[in-house]
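Two complexes follow with chain A in common, the first pairing it with chain B and the second with chain C.
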Partner chain A sequence: MKTETSSQIDINMKNKTSHSPWAIARRKFMKNKVAMISFVILMIIITLALLAPIIATSDITKINVLEASQPPSADHWLGTDKGGRDVFTLVLHGGRTSLMVGFMCTVFIMLIGTTLGLLAGFYGGWLDTFIMRIVDFVLILPFYVFVIALNGILVKNSVVGGVWLLIIVISALSWGGATRMVRSKVLAEKENEYIMAAKSIGNSSFKIMFKHLLPNVISIVIVQATLLFAGMIVAEAGLTFLGFGVPQSEPSWGNMLSSARQSDILQNKVWMWIPPAVLISVTILCINFIGEGLKDAFNPKSSK
Partner chain B sequence: MKTQDVTEKPILEVNNLETGFTIDNKFYNAVDKVSFSVKPNKIVGIVGESGCGKSVMSLSIMNLLPKGIGEIANGTILFDGNEINKLNNNEMNKIRGKDMSMIFQEPMTALNPVFTVGYQIMETLINHSDISKKDAKLKSIDLLKSVGIPRPEKIVDEYPHQLSGGMRQRVMIAIAIACKPKLLIADEPTTALDVTVQAQILELMKTIQQENNMSIILITHDLGVVAEMCDEVIVMYAGKIVEKTDVDTLFHNPKHPYTKALIQSVPKLDVIQETLGTISGIVPSLKNMPEQGCRFVDRCSMAKSECRTKTPTLKPTVDLGQADDSKEHLVSCLLYDEA
Partner chain C sequence: MLKYIIRRLLIMIPMLLLVSIVVFTLAQLMPGDPFGGEIDPTKLKPEQIEEKREQLGYNDPILVQYGRWLSNFVQGDFGKSISYKTDVSVLIKQRLDNTIFLTILALIITYAISFIMGLYSGKKPYTIGDYAINGFNYLALAIPSYVLAIAFIYIFAFNLQWFPSSGSVGMGVEEGTWEYWMSRLNHTLLPAIVLGAFSAASYTQFLRNDIIDNSRKDYVRTARAKGTSESNIYNKHILRNSLIPIVTLFGFDLAFMINGAVITETIFTYPGIGKLFLDSVGKQDYPLIMTLTMMFAVIVIIGNMLADILYSLVDPRVKVE
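Presenting the complex of A and B:
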C-alpha cells in the first residue's frame, strides 16, 4: 500500500517539475515580475491591434472634412485627425502595420542570421570567410540612407509594393549582426565534446548542425530576436516619420507621428500624435523588459 | 566454436599511421609511423604522457580529426578487413556508433545538455537500425539497467545536468555499446572520475567487454588501470610506439627506459618510499621534435651519445628467462639493438 502511494507521488512530482532546459527557463521567466507584467501589457496591445477590424469599425479610408481635427469626445474617444478620421481607429489599425513590419523583419533577419551563422561557424574555412566578408559588407552600409535609396529604386520595379517592400528592404540590410552573433556562439558551442560524441555515433553534419547545435544556440537567438523586434518597430516609425517608410495610404504609428511635423499639430492638437507616441514607447519598453527577462531565464548562472 | 577461428584475425590493423597538423604551412607529425593491431575480444591499452599522440591516434581511427587542421598523411587503417581511412564521411557514419564507438574523457560535456539521456541513447539505435521509437526507448531502459544505473525507467527521462559524473559516464558507455560494436575506443574514460567510481566503471567495462565479445582500445595514463584491465599494452612517447608487449611482461620485464621510468613513478603499497620516481622535463612539442635520434634522449637516464644521431626502430627483443616465444615484446631503443 505504502509503496504504491509513494510511487504515485513520485509520478505527480515528475509531471509538476520537468527539468528540461526549456521548462527551467519558463519557470524562471514566470517568476520575473517585471517581465511578466510587460508580457501581459504587450499581449493586450497585440490583441487589440489584431482585433482592430472588429473593435474599431469606422472606415479609415473615408475622409470626412466636417469632422476634421476634433478634440477627444464621446463620439471620437481620441479625437480625429486632419482628414476627420477617428484617431482611436487609426492607432489600432496603425498598430497592426507597425507590429507586423517589426515582426516580419525580425523573422526574416533571424532566419537568415541563424542559418548563415550556423553554416559559417560549423563548417569554418572558406565558407566562413566568404559569409563573414558579406556580413562585413552589409554592416558597413549606412542603414537609413540605404533603406531610403533601395526603397526608392525598388518601389517602381517590384511586384510587391508598400509595406512588404519595406520589410524586405529592412531585412536585407539588417541580417549582418544576427549572423555574427550566432556564428560566435556556434564557434564556442561546437568545441564541446558532445558535438564530437554526436559525430562518433554516426550523425551526419546536417543533423549535428540543426539537431544538436541549434537547440544549444537557440536561447541566444530568441533573446536577440526579442530585442530586434523592438528595434525594428523603431526603425519603421523612424523611416515612416521621415516619409520613406510605409506609404501614406496605410495607417501606421510612424505615419501618425509624422503629422506632428506640422508645428500647429505638435503644439495645439496633441491628441493626434500622443497616442501613437505612447504606444510605441510602451511597446518597446515592454519588449525590452521581456528580452531582459528571457536573457536571465536562459542564463543558467542567474537565480532570478 | 565459431568465435575461436575468428580470434586470429585482428579486428583492427593500423599500419604505418602518420597523423599530423599543419602549423604555419609546415606539417608536423603528432602520430609517427605507428603500427599495431587489435585482436577480437582483447583489451589493448595505450599509455603515455599527455601530448604523446594517444588521443590524436584514436581520433584518426574514428576519422574524427578536426577538419582542415588535422589529417592522416600516410598509412592505412583496416577495420574488419576494410580500409576505413579512405571512406568518406557518409560511409564512415554507417560504421561510427555501430561497429566502432567511442567513450570520451569528460562525461560532464560529452552529453548534450538539451536532450534527455534516453533520447541520446535512442538516437544511436535509430541511426543504425530500423527500430520504432517505442522499442528504442524500451531498449535504452535495458541498456541503462545493464550499465548499472538504478531506476532506469526514471533516469531515461532525465537530463544530463541531473546526473552525477559517474552516472553520466555510465550513460556514455550505454550509448557507446547500444549497437554492440566490435570495437570500443575509450579515451581516458575514468580520468575525470574519483577513484571509487573509477573502479566501478572499469569493472563495468570489463564485464560488458566479456559479455559482448568486444575489443577495447583503452587510452590512459594510469598504469594501475592498464594492469587491471588490459591484455596487451602499447607505450607511446612523442607520437611513436616505444614498447609493445603483453601486460605481464610489461610490468615484470620493462625494457625501454621510458617504460621503466613510468613504472617507477607509480607508488607501491609494499615498498616504503621516501620519494617517488619522476621523469624530469616534458614531452617535446611538435615544433621542437628532434629530426633524428631518439625522441626521449633529453629525459633518458641511460642515454648514450649515439642516441642523438641514430634513430631507433621498433624491434623484437628476447626476454631473458622467458621460454614462451609466443609472447611478442617489441622495443624501440638502441640499448637493445646489439642484443
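Presenting the complex of A and C:
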C-alpha cells in the first residue's frame, strides 16, 4: 500500500516536472509579449540584411553623378546619397556589415570570456590570479581611445585589413567583463554536490568543466551575449562614424551616419541619415528587450 | 580605513606602469618617429636629421628611451606636438578646461534627471508616470550617443535654433563677463545632455528598483507604524539608503565620460581633449596621442579607485580587507 502511494506520487511528480529547464524558459519567453515582438522585428531586420544581395540589386559600387542626392521617389524608395547610390540598397547592405561585425565580435568575446572564466573559476589558485589580473588590466583601458589608437596603428602595417582587423581589435579589448562574469558564476556553481560527485567518480577536469559546469552557466552566457551584441553594434557604428572603423568603401550604418557630419546633409537631406539612425536604434531596442526577456525566462524565481 | 586607501593607492602603481609600457609599445609600433615633434624633415638635410636624431636620443636602446619618456612624463614634460608645433602640455591645458566644464555639466544633468525621475517612479511604481519614465529609459538606453547627437543638432540647433551646433563659446564675447559664461553654457548644454542621457536612464532604473525594494523592508514598516509621514519615509529613510549605490557609481562615471567625450566632442566640434585626441590620431601626432592615451587611462584608474573607496566609505557594511 505504502509503496503504491509513493510510486503514484512519483508519477505525479514526473508529470509536473517533465519540462526541461529549456522548455520552461522557452515557454516563459514566448509568453513575454514585448520580447516576442522585439524578436520578430529583429528577425525581419536580420533577414532583410542577409537577403540584401537578392532584394536590393541596385548597383552601389558605382558612382552615378546624374542621380546624386535625390529625395525619395518611386525609383529610389529612400532617395539616393551624394554619389547617386540608392539609400534603400545601402541601408540593407550596411546592415549586413554592421550586424556581421557585431555578431563576430560577440562570438569571439564570449568564446574567450567563457573559456577563461571557466578555467579561472574552476582551477583557482595562481591561474585564477593570473587571469583576473589581466582582466583588471584590460578593463581599465578606455575602450574607444585604445581601439582608435590600436586600429590607427595596425591599419597601416598589417596583413588582415579592414573589417576583420576591426573585429579583432574590438574583441581583444572587450573580453574582460564576460570573463569576470562567467568566473563568478562558476565559483558559485562549483560548490554544488554534483560537481563533487563528478570529481569523486574520477571525471577528468576537462569533462567536468565542459560537460557539467558549462551547461549550468550557459544561461547567463546567452543573456550576456545578447546584451553584448547590442553593445558591439553600437561600438562598431560609433567607430565607423568617427572614421576609425569599417573602411569607407564598405557600406555600413556607421558610414551612412557619418555623412550627417556635413551640415548640408544633416539639415537638408535627411533621407540620407534617418534610415540608418532609425534602424540602428530599433535594432538595439529590440535586442535589449530580448535580452531582458531571456534574463526573465532563465530566472527560476520569476513567476511569469 | 586609511590603511585601505593607502593599499588601494599602491595597487595603482603597477597598473600605471603596465599602461605606460603598452602606450610606449604602441608608439614604437607606429610608423615614423614617435617623438619627432622637433624634427622638420622639409627643412633639414638627411645628415642633419640623423644628427638631430642622435642628439635627441632616438638611436639609444629601447629601454633607455622608455625610461627617459617615463621620467619626463612623470615630471610633466610631455614633449612637443608634431602638428601643432607647441608643447603638448600647453595644448592640453587649453582644451582640458572645456572638457571639465562639459563633464561637470553632464554629471549635473545626469544626477538631476535620474534623481527626479527615479524618485517619482520609485514612489509611484506601475502608474502612468512610471510607465512613461520607463519608456523614456528604454529609448535613452537604445539610441546610441552619436544618433542622439545628430538628432539633437537637427532638431534643437538647426530647426528650433535654441542652441548653437558647434564650438564652445560665441565669437567676440569678452572673457569673464556674464555673457561669456552664458554663451559657454549655451554651447555646452546640448553636448552635455547627449553625454548624460545614457547614464541618466540607467541611474533612474537603478534608483527606482532600489526604492521599491527598500519600501518593502522592515524598517519602513516600523517607520509607518510609528506614524511617520509618507513623504518623510521616502525623503529621509528610503532615500538615504537608495542613494548609496548611486554615489559609488560616480567613480565609474569618469571613465564613461571619457569614452563619451571622444564621440560627443567630435560631433559638436567642441574643442575639448576628446576631440583633440581624435584629431591627433588623424594627424598621426604621436607625442600628443601618447600623452592623451596615458592621461585617459590614468583618469579611469583613479575613477575606479574612487569608486572602491567611496563604496567602503558610504556603506559601512562593506568589509575592508
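Definition applied: the second predicted complex is superposed on the first by the 286 of 304 C-alpha atoms of A that agree within 3 Å, B and C clash if a C-alpha of one lies under 4 Å from a C-alpha of the other, contacts with A are read in each partner's own complex, and residues count from 1 in each chain.
By definition in this document, a residue touches a chain if its C-beta (ideal position, glycine included) is under 8 Å from a C-beta of that chain, and two chains touch if they have at least 3 such contacts.
Predicted, not measured: the structure shown is a model, and the values here were computed from it.
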item: Joint occupancy of chain A by chain B and chain C, clash or fit; value: fit
item: Contacts of A:Phe298 with chain B and chain C, given as first, second, both or neither; value: neither
item: Which of chain B and chain C A:Phe108 touches, first, second, both or neither; value: neither
item: Comparison of chain B and chain C by chain A residues contacted; value: C
item: Touching partner for A:Gly202 - first (chain B), second (chain C), both, neither; value: first
item: Chain B versus chain C as contact partner of A:Phe88, first or second or both or neither; value: neither
item: Where the C-alpha centre of chain A sits as vertex, the angle toward chain B and chain C in the overlay (nearest 10 degrees); value: 100
item: Touching partner for A:Asn192 - first (chain B), second (chain C), both, neither; value: first
item: Which superposed partner A:Gly238 touches (first chain B, second chain C, both, neither); value: second
item: Minimum C-alpha spacing, chains overlaid - chain B and chain C, in Å; value: 14
item: Common interface residues of chain A - those touching chain B in one complex and chain C in the other; value: none
item: For the chain B and chain A complex, residues of the former touching the latter; value: 62, 64, 67-68, 89-90, 92-98, 101-102, 104-106, 109-116, 123-124, 127-128, 154, 157-159, 161-162, 172, 175
item: Residues on chain A engaged by chain B in the complex (per definition of touch); value: 10, 14, 19-21, 124-125, 192-194, 196-205, 212, 215-216
item: Footprint of chain A on chain C - complex, ascending; value: 15, 18-19, 22, 26, 29-31, 138-139, 141-147, 150-151, 153-154, 158, 165, 255, 258-259, 262-263, 266-267, 277-278, 281-282, 284, 289, 292-293, 296-297, 300-301, 304
item: Chain A to chain C touching residues, read off their complex; value: 136-137, 140-146, 148-150, 152-153, 156-157, 230, 234, 237-238, 241-244, 257, 260-261, 263, 266-267, 270, 273, 277, 280-282, 284-285, 288-289
